[in-house]
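Please go over the structures that come below.
Common to both upcoming complexes is chain A, partnered first by chain B, then by chain C.
Right after this comes the complex of A and B.
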């Protein structure tokens, strides 16, 4: 670690599995960790969530039928217990995933509304929430304080002379922890020094330096 | 708030344990059951005395109902851990590659299924020693000069849990260093132009 030593540790073991080869539940785990580990709002994993909801729905129907059926054997009841345990686990993951996004969306709501480039990373519901939230917040600020201030102090989207904006936006310089599932080549650090992102290595560095590898799934956020 | 404050800095040990529970482990069931299909895959059939692989959460759930014996992972044995501890102490420049979630897995297994492990008390203290040796190395590593390059740190061999313990501190430290850096460059620039 901290420097050269430690040998890249190319374990070459089971860590090789890329996201695409995982089952939905484990993929959701990776997606959730990534959302938690980064400052920016990642792309909404709509397909994954839809597929998980479909499966949860099917499971729920199956559970309901089997539970109401008096002929269900003891063994089936036992299986149902396990199935339901897992459903709760998956639901917890989905909840936490959505809440993490909601937290980011509310934090950056105004930025989201005025930046069309980030709209594709949000689901429809998320985008309309961002819009309504911003509107609510603004109306509230106006009614409670701003309307009683002189006109020139009422703006909420000013950029001060030192470049500091009133609109908070995601900071891409915040470091992220990544684990390279594949060899991500070499990158150049801001101070001009190179850093090799070999397979199986772990790094803490600025998000914008490795954004592409994270989005490709080659680098896993920890 | 959508996300409670204590969760905003990163994953908590509980959440990491939750992830560790998705990993697969061997059990020897003490009951018969046909295959079971859950969202993450199909497991079983359960036919004693042959072993089968299930996710850790399922193994723990079965264990709590006294329906199985958990087969200890290959690394969770006294001799193996003693060897790992020795290697860890000898390897001063880096960290040994350990199973990614050995702390979490070790802890839940020792808590829920100590009777399936050989010499659980000794295992517990070995795991603790191993963790402390690594923590000491981390502290030492962070003290050495030139480690914090402002915005980059290579941390091979550490497990997610160990990294999570460090992350809030490191992210903050890097933030501080980043605010200091541009000024340093400016000053250097001045120095160069004046001479």
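Right after this comes the complex of A and C.
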């Protein structure tokens, strides 16, 4: 269930940096990978996205000014092109991040709507999207088949006799690959064996075992 | 046997999702099959009700064969419902996938010939040849699915509104952007298009351009332009 790989236990100063100290783009990268690497919906990084959008906006204005300035040299034009490429790449990250979240939200929309505990992790727009999507999907099901079934078969939130619910939930048992930025102490594996999450080590573990470290940013999802 | 039709439905639906590259056109909505399954469910419902009423509550706890009979019918009905919903859900997934593939262009999605919508970049000649064989998306959808697609389109339009001044959420995310500029050839007439920065370009079939990728991404996705 877990594989331990030596990530170089020495861990220079760089490993100490937690998310808060990174620059925005680096942080976006980490946040994006974390969102893609886990089954559950992580907290919406609204401040980060706002700050990145502000910077993109400023950058765009600067690029526009420099490009229209006839005094800009050939070399500077080349540099501008690099800046613009970088901007496109950042936009790609944001787009992929937002769409990964949308995908998860649509998949678990009904669960999200009926579980108030997860609401703080979503932005306002995402929450309203989840609500409206659930409604849309249910209307579709209702009009397509449910309305022509006997009344006792029309519900959308049944739990069948084998305990399987009609409402899909995020699976917290799926494995995640993590890299420990800090010493995360010791955890107990399901079979009772202890495992040490030392600084600088990488592990493949069930998500629910390391959920708290991931959310704190002490462990980075790879 | 109860449930045979439902099994037929899910097997067909599963088969249609097996191939994603190249993406197969969405099969036509299996209305007759669905209607028969719904009918079967209603018949099971009535049968359960009459059987239970005829025997009364006393015998229900004693007559084991009756209990068994009712359980089987009940489970069959539940199973039918599950199969129906699974079928619809799979199609909803397919519809959404196509919506994203088309870059969120609803009108384009519905008018384009199915072969282009299915994402294989065949030339114009083969596309029109195939058109007669495969149904386009509009005719493959049930009216309810059409409503769903329109509703979904509206939902996403609302959602991406708040990002729109900075980026277009529906642009492709298959590959991270590598180059800023892209060489394109016009495959279909797109007329005059105003690009980012107010530049006007008249796209006529056969012409070549070198443009900023972000500006023409949508036209590439929708099959007007082709990367060279």
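Everything below uses one rule, namely that the second predicted complex is superposed on the first by the 206 of 222 C-alpha atoms of A that agree within 3 Å, B and C clash if a C-alpha of one lies under 4 Å from a C-alpha of the other, contacts with A are read in each partner's own complex, and residues count from 1 in each chain.
The rule is short, and it goes like this: contacts are C-beta pairs under 8 Å (C-beta built on N, C-alpha and C of every residue); 3 or more make two chains touch, one makes a residue touch a chain.
Note that the structure is a prediction, hence the values are computed from the model and not measured.
Considering which of chain B and chain C touches more of chain A, the answer is B. When the two complexes are overlaid on their common chain A, residue A:129 makes contact with chain C while staying clear of chain B.
By the touch criterion stated above, A:59 is placed in contact with chain B alone, chain C being left untouched. When the shared chain is aligned, no partner comes close enough to touch A:34: not chain B, not chain C. In the superposition on chain A, A:99 makes contact with both chain B and chain C. Look at A:89: by the touch rule set out above, it reaches both chain B and chain C. Touch criterion met: A:137 reaches chain C, while chain B stays clear of it. By the touch criterion stated above, A:150 is placed in contact with chain C alone, chain B being left untouched. Of the two partner chains placed around the shared chain by superposition, chain B is the only one that A:204 touches, whereas chain C remains out of contact. In the superposition on chain A, A:195 makes contact with chain B only, not with chain C. When the two complexes are superposed on chain A, the residues of chain A that touch both chain B and chain C are 56, 85, 89, 92, 96, 99, 102, 106. For chain A in complex with chain C, the residues that touch the partner chain are 53, 56-57, 81, 84-85, 88-89, 91-92, 94-96, 98-99, 102, 106, 125, 129, 132-133, 136-137, 139-141, 143-146, 148-150, 152-153, 160-161, 166. Here chain B touches chain A in the complex through residues 1-3, 7-8, 10-11, 15, 18-19, 21-22, 33-34, 36, 38-41, 57-58, 61, 91, 93-95, 97, 100, 138, 141-142, 144, 147, 149-158, 160, 163-164, 167, 170-171, 174-175, 178, going by the rule given at the top. If you check the complex, the residues on chain C that touch chain A are 34-35, 38, 41-42, 44-46, 75, 77-78, 81-82, 84-85, 88, 92, 96, 142, 144-145, 147-148, 151-152, 155, 158-159, 162-163, 166-169, 171, 173, 176-177, 179-180, 213-214. Residues 1-9, 11, 15, 23-26, 29, 33, 36-37, 52, 55-56, 59, 75, 78-79, 82-83, 85-87, 89-90, 92, 96, 99-100, 102-103, 106, 173-175, 177, 179, 189-191, 193, 195, 200-206, 222 of chain A are the ones touching chain B in the complex.
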